[in-house]
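In the two complexes that follow, chain A is the common piece, with chain B as its partner first and chain C second.
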Partner chain A sequence: MQNSRLCREGSPELELLIEKGVGIMKEEIGILEGRQGQVFEKKSGKAEQLDISCEKTSLSGSVSQRACVFCGSRVVLYPVADALHLVHGPIGCAAYTWDIRGAVSSGPELHRLSFSTDLGEMDVIYGGEKKLYLSLIELIDKYKPKAAFIYSTCIIGLIGDDIDAVCKKVSKETGIPVLPVHSEGFKGTKKDGYKAACTSLMKLVGTGSIEGISPYSINILGEFNLAGEAWIIREYYEKMGIEVVSTMTGDGRVDAVRRAHGATLNVVQCSGSMTTLAKDMEEKYGIPYMRVSYFGIEDMSKSLYDVAKHFSDRPDIMDAAKEIVSKEVAKLYPELQKFKKVLAGKKAAIYVGGAFKTFSLIKALRSIGMSVVLAGSQTGNKDDYERLREMCDEGTIIVDDSNPVELSKFVLEKEADLLIGGVKERPIAYKLGIGFCDHNHERKIPLAGFIGMYNFAKEVYQSVMSPVWQFAPRKGGKI
Partner chain B sequence: MKHAKTATQNACKLCNPLGACLAFRGIEKCVPFLHGSQGCATYIRRYLISHYKEPIDIASSNFNEETAVFGGSHNLQLGLKNVTQQYKPEVIGLATTCLSETIGDDVPMILREYKKAFRNGSPMPVMIHASTPSYQGSHIDGFHAAVRATVATLAVKGAERQHTVNIFPNMISPADIRYIKEILEAFRLPNMLLPDYSKTLDGGPWGEYHRIPPGGTPASTIASAGSASASIEFGATLEAPKSAAGYLESAFGVTRHHMGLPIGVKASDRFFALVEELSGQPVPEKYEDERRRLIDAYADGHKYIFEKRAIVYGEEDLVIAMTAFLLEIGITPVLCASGGKSGLLKKKIRELVPDLDEGEIKIRDGVDFVDIEDEAKVLKPDFLIGNSKGYTMSRKNNIPLLRIGFPIHDRFGGQRLHHLGYRGTQELFDRIVNMVIEERQNASSIGYTYM
Partner chain C sequence: MLLRHTPKEVIAREGLTINPAKTCQPIGAMYAALGIHGCLPHSHGSQGCCSYHRSTLTRHYKEPVMAATSSFTEGASVFGGQANLLAAIETIFSVYEPDIIAVHSTCLSETIGDDLQQITKKAKDDGKIPEGKYVIYASTPSFVGSHVTGYANMVTGIAEQFAQSTGEKKEQINIIAGWMEPSDMREIKKLSKELGVKIVLFPDTSDVLDAPQTGKHVFYPKGGTTVEELKSIGDSSSSLALGCISAEPAAIALDKKCKVPFETVDMPIGLSATDRFIMSLSKAAGVEVPDEITAERGRLIDVMTDMEQYFYGKKVALFGDPDQIIPLTEFLLDLNMKPIHIVSGTPGQRFEKRMKEILRRIPEANFKNGLNADMFLLHQWMKNEPVDLLIGNTYGKYIARDENVPFLRFGFPILDRIGHSYFPNIGYSGSLRLLEKILNAFMDRQDREALEEKFELVM
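And then the complex of A and B:
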């Protein structure tokens, strides 16, 4: 009955496969011993406690989908468009992150260029401080950035360059903030990279004037303006009469970050990456924060209502929020029904970077009639996974820091029609003949906000319902 | 005043381990494994996937702080064990990174320890080790290091010489690999092509998940490389001490025939003549036909492109071969540029084009895209020829870009582009002519319907 993993029992496709004697799943794919604590299947009836093992470094040899500390820092700081981003190390780290994200800017685009000290063997032997210094001086002179972020890569952690001292010196000479980012790849996980980025941002926050900032003001944190999403969100809040002091870091500007402490509330999306900064700002400047998500009707609406509730002494803000939601939902709802009609009953697998996004995606998928059979993330914590367990249907696989072999196994076993992930997950879906939605850095169409929900539904529809899958082996196509 | 330039800005090269991973993907049942941080493997996977659109699993020993202090032996051994268990490979292609090289891990010793500790009767994958520190050279060096290490690990001296050839075609597209194999088969010349990622990186749909995609050169075939009668190796700057064919020649006396990438009529003629000689067979009629069509196309298209000015960039070997081809069809490569730095770029171009006018043709190695862009502003070329990474300057300066080589991240089907032999030259020629025609048609206010 091995074929039943791929075709519903008694389906014509299955009969055909059996007739042909095609044994599609030839052998059981197991979970590595060191990873068994990171995979969980929600079982029926039991009031179980999820004891998932997470927040640890990836198992050696497991082909994790995660990157490194450097990656965490790079994704958070990357969208600051008028800063210089200099990667200190051999060429790879800078080359692979050149213009890597669709984080768009309304003005300067310095972030889309790739700068590296491109260390060679001699630099590794004699130290790279001089090269770093010269690079900074010439790049700042040429590109006139508002600030510079200097990313340490693995090798800097070994050869012991004092990048703090170089940054200090250059900052003094050039008059702009030059901020070291301690993102040596091996010193932890991607999450530690988020923290290192927040530490650098925190050094900028508080250095600008906060004169004239409204008491009804927010910073939008953890929104990176992929495909212009931050602009959509910003517009909603501004329509409600709220001043947006800074977006961190989507369409980011150094000067805006410097005066971010003038806002009275931090609104944090992608909680994994930016909560550190929100907490630090709460501690230092007494600014409260709340966690939000802009994906799907439910969470998007809640993001507006929650902020409005925070400013409860101004009922007009809540009125405006209600108006936005009702107007947008009225527009969106009939459109979604069309997609729901055809997508109802289809199954999705989700594997993304942060666990918080999976919550929104589960709700968004349900609103178009789809169920979720796998939900996983690279960096979720115990609370995240417990919440996932509560949300998920029976039989759903919950997985932390997964890999291609596991993802494929579950996608096939659970008969998913769609995989949601990033570039590295895409070929898994397509090879196995199932639809795919890129919910990661490379997306070109906004998926946040109400319009984003429409785009998301449309993209899912376009991939799941494509006629090309008729030729896929899992649908009985010839191998 | 010209700015001093220390930093690399928009690099025209990638790092050493990427090339090694790509080469290891061309060995059957092989998993590439990077001894370094998790990020190296993940970034390289992402980069390769964006070009090849195929799953590319690369394992990592996933260094942490302890590993960096106490050495990578434990992590590497655990990683090898896990990869063996999960992927059931026959070969593990192990490449180092800046991190493991800088802490000075003795990889061969770790591998010996591992083999001793885990030998329990069950067959163990063959371990190939290539030293690829990212602070040396670029991706192309990693590619060649991996190919050489593969041959050095697997090839043995056979009882007697076989009538077979080894072919080391350099970093070429899956379509090019298929074409080279097809040619050798047509000449009835038994061969061992390495690395063969024509299927692993451009394959069909799967009914089940393959831990390792089907395809690649089998280890057993590579083993016989030592008893082949000759090796053919492409790559003008690839010197014997760094190359697989060089190894086979010095270790087993397999004659090394070395030439540039066969792009253009002249270079392709040299390749076909060599295969003719090695196989003892005349050039099959279908390739003579390909050549005839190409010469005919040169005639049909020559006026569109004569004295057009191009900038060509990419790996040095590709640039050298493209330069000779462009000159052969009347295009002036006003700048031949590479991020690579073998020190041989100029010399090898001069060898191919003895009457080279250096006043008209600039040759620069070790450059980045900002250097190339600065040159472009002065040289004002009609078009750029190279990988996708030139798009930023192409758009900014409004110079059309013809995408060839690797990576092609912003167009579809890069893995299926031909570059080599008569067929590849034909494709390149057609694309260049069409680019010029399209430009001219779009620029005209008349809207010509015949061009």
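And then the complex of A and C:
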């Protein structure tokens, strides 16, 4: 089979794929050969096996919506607000990640500045260790951070700067933890960046005093406090009588991370980014963890109940959880019905970073009467996609590591009224004449928690029902 | 205050950049390549680079931005990226079907020593480039220069790799656009049409990054300089490069390859620079300046005279890219304002030389470019000598808020406002718009902060 050709209707490749039970859309679809395995359509009538291939690197030459290792590390650690974040490399990596994530802090805001060693040609030739050392000393002297994270970029992996040694030296001289983050861009996908970030955090965990921490205590992992979401979640748990030792990393503080091992349970959202840390903490400190999601009524409630169940010797915790849920749902339900009345029967396409979020979104959309016709993620794994398949309606397309050609094509074919995605997907949705909801870094209002479900429904309603669509050519220019 | 840590006292820093007034080369190359019709920019490096550039351009233009990446892995970084690029070229032509792939390098591929010229030649020899299709390239190491350098390198690549001399001169003039907005490029075409001069403008991102809503997502919008036009630039009678940093290198390359004489003028921002642009273009084409343009100029001067009392002595801090900052500084001086603090992250001696000339009337002005010329320094200068107005890209908003200074968004990137892609800042009408925005910034502040008894209805 010749490499990378369009898979057209009637072609032998297509027949083969259909035989294999992989539903490829017809006509001149732009699915890269070598990518067919990453697209799946749930078919009716026959028992099928999902055979999606995922967790592989993107094909060279594809217009992928994915990012790199550095990006993964940077987004995870970025919200630690009283730490210094120094990007070691040429200027770009620091410039593009300067305050791009609305991870809100209730106090220090050192994380919102951009620090770079701004490597030049001579540094690439002779090494950047000296520059890194001097920069660190200068910065720590000036800003007195509680800790420093040093991000290694592509080029550091090539020129062989020993950043571990520099960090060690500076740590010794300044007395604060100086942590290397091995996030060379080419060393994998964004997921590997999450791992590198967790490795660095793990070095901080366990270095603080755990005196006085309640046995009914948790760490909130994988919650980045976009638009203040971590505050909402924290409040729920605190109302239940649970002590929140740390949030990682939303509104994060170095000292809180240092004593995180004092908590008795890790509650992990956005499982892609923080499971590594949870597993490491389980291994080293015996702290169990559970996966949760704060999006939608169903999952939000479950995340409170699951935690309450964990502390079963304290029935008052469960009582409190029930009270929160019933109170919030009573408020929320009638509001959602209003949206549901209008949105019922509308179709949504979801393409987000992690698959776990997709599960919640499908449920949340159903609760306002919407169905999902496309569900995809940048970094899901096989289990995720299997679960997606089980959840989805017939005819739903499931994609891994998609690209704009595929997305527009499926959105048009499935006649979606809404696309949920991130910064690069927004203008595509608008060009196609359909509504959009940012469920990524650029959301400006909290979408987590019960209030978040209301905001989400409102945002979806606002966009899908906007009067602008009566003027805009829609759905391929047909309407 | 977000920047509460910025101390007033300026001390020398050793190799540390805080809040940069620049970014890296590849994004400039990507932007330039989007100004060719049917071209897919290709980033030869890790996936993140391409993703960051597309996101930044999308945030700036609110438009889909298409570009492909070689998606380097650990293996590629050890054994070289040739296999990745060859595979990418094949994939792109078969799936995304562009007319042209414009490859730019990154710090990663440069450091491992990938030779784009050799790899693209190999792609051609191996028959991976279909008949009538093109692969062009530019070397854009992120550790040299800035985003402006990357733009200049790609524009140079475009000129060098497309231009042909047929021996027959054409009655047309090349206008090589420095880094400007689609709106500005549209304005250049409008002015040239009014002058009656046939031009080839390249690159040209109008109708690419300001495309209308159609209900479709088009990979290759209708705008962009065409291959046919680009081939003809070698036969043009002359070239006019708009900007000594971002456009002149392409003009030099074209002169070298096809003997097309060139002149470099500043980007036509403000009265004087627009005058020079109009004069140069009309002279090169041997045409008279039509009344239409003269009247437009007259209107600008009319507003300048009407409003002169409001501009006098106002101190300004500005930052951005050299080719915009140079004529903008001149315009501010023409308006009788005092640009006193100026930084540009883009290195190069041309900037310093030009600024020295332009600012000779303001001996106290601070200006710096290149290493450590970042927004941290600009902020420190502003703390030492406060200003009435700050001009620069979106990143200036932190300083503006902390210092309570009116802020005019200008340059790249602008992530929190719209308008730049639709309304030009160049030519007489663009300059009038700039003037209006500056004036409004002062007036809005006055109305917002004036004491009740001093709050006036009339200007």
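Following the convention adopted for this analysis, the second predicted complex is superposed on the first by the 447 of 479 C-alpha atoms of A that agree within 3 Å, B and C clash if a C-alpha of one lies under 4 Å from a C-alpha of the other, contacts with A are read in each partner's own complex, and residues count from 1 in each chain.
Operating definition for what follows: contacts are C-beta pairs under 8 Å (C-beta built on N, C-alpha and C of every residue); 3 or more make two chains touch, one makes a residue touch a chain.
Note that the structure is predicted; figures quoted are calculated from it, not measured.
**Student:** Please tell me, clash or fit, for chain B and chain C sharing chain A in the overlay.
**Tutor:** Here the two partners, once superposed via chain A, clash with each other.
**Student:** Under the stated touch criterion, which partner chain does A:Cys71 make contact with: chain B (first), chain C (second), both, or neither?
**Tutor:** both
**Student:** Report for A:Thr117: first if it touches chain B alone, second if chain C alone, otherwise both or neither.
**Tutor:** So A:Thr117 meets both chain B and chain C here.
**Student:** When the two structures are overlaid on chain A, which partner does A:Met318 contact: first (chain B), second (chain C), both, or neither?
**Tutor:** After superposing on A, A:Met318 lies clear of both chain B and chain C.
**Student:** With both complexes overlaid on chain A, does A:Leu158 touch chain B (first), chain C (second), both or neither?
**Tutor:** both
**Student:** Between chain B (first) and chain C (second), which, if any, makes contact with A:Asp141: first, second, both or neither?
**Tutor:** first
**Student:** Would you check which partner chain A:Ile445 touches, where first means chain B only, second means chain C only, and both and neither mean what they say?
**Tutor:** Once the two structures are laid over each other on A, A:Ile445 reaches no partner at all.
**Student:** Which of the two partners, first being chain B and second being chain C, lies in contact with A:Pro427: first, second, both, or neither?
**Tutor:** Both: A:Pro427 reaches chain B and chain C.
**Student:** Hey, what residues of chain A end up touching chain B and chain C alike?
**Tutor:** Looking at chain A, the two contact sets intersect at 6, 30, 32, 57-71, 89-98, 112-121, 123-124, 131, 134-135, 138-139, 142, 153-155, 157-159, 185-188, 404-405, 408, 423-424, 426-428, 430-433, 472-474, 477, 479.
**Student:** In the complex formed with chain A, which residues of chain C make contact?
**Tutor:** 2-3, 5, 7, 13-20, 22-27, 40, 42, 45-56, 58-59, 62-74, 76-77, 84-85, 87-92, 94-96, 106-108, 111-112, 141-144, 146, 211, 213-219, 345, 371, 395
**Student:** Enumerate the contact residues on chain B facing chain A in the complex.
**Tutor:** 3-11, 13-18, 33, 36-47, 49-50, 53-65, 67-68, 75-76, 78-83, 85-87, 97-99, 102-103, 133-136, 138, 204-209, 211, 389, 392
**Student:** Which part of chain A faces chain B closely enough to touch in the complex?
**Tutor:** It comes out as residues 6, 22, 24-26, 29-30, 32-34, 57-71, 86, 89-99, 112-121, 123-124, 131, 134-135, 138-139, 141-142, 153-155, 157-159, 185-188, 403-405, 408-409, 412, 423-424, 426-428, 430-433, 471-474, 477, 479.
**Student:** Which positions of chain A touch chain C when the two form their complex?
**Tutor:** For this pair, the touching residues of chain A are 3-6, 30, 32, 57-71, 89-98, 109-110, 112-121, 123-124, 130-131, 134-135, 138-139, 142-143, 153-155, 157-159, 185-189, 404-405, 408, 423-424, 426-428, 430-433, 472-479.
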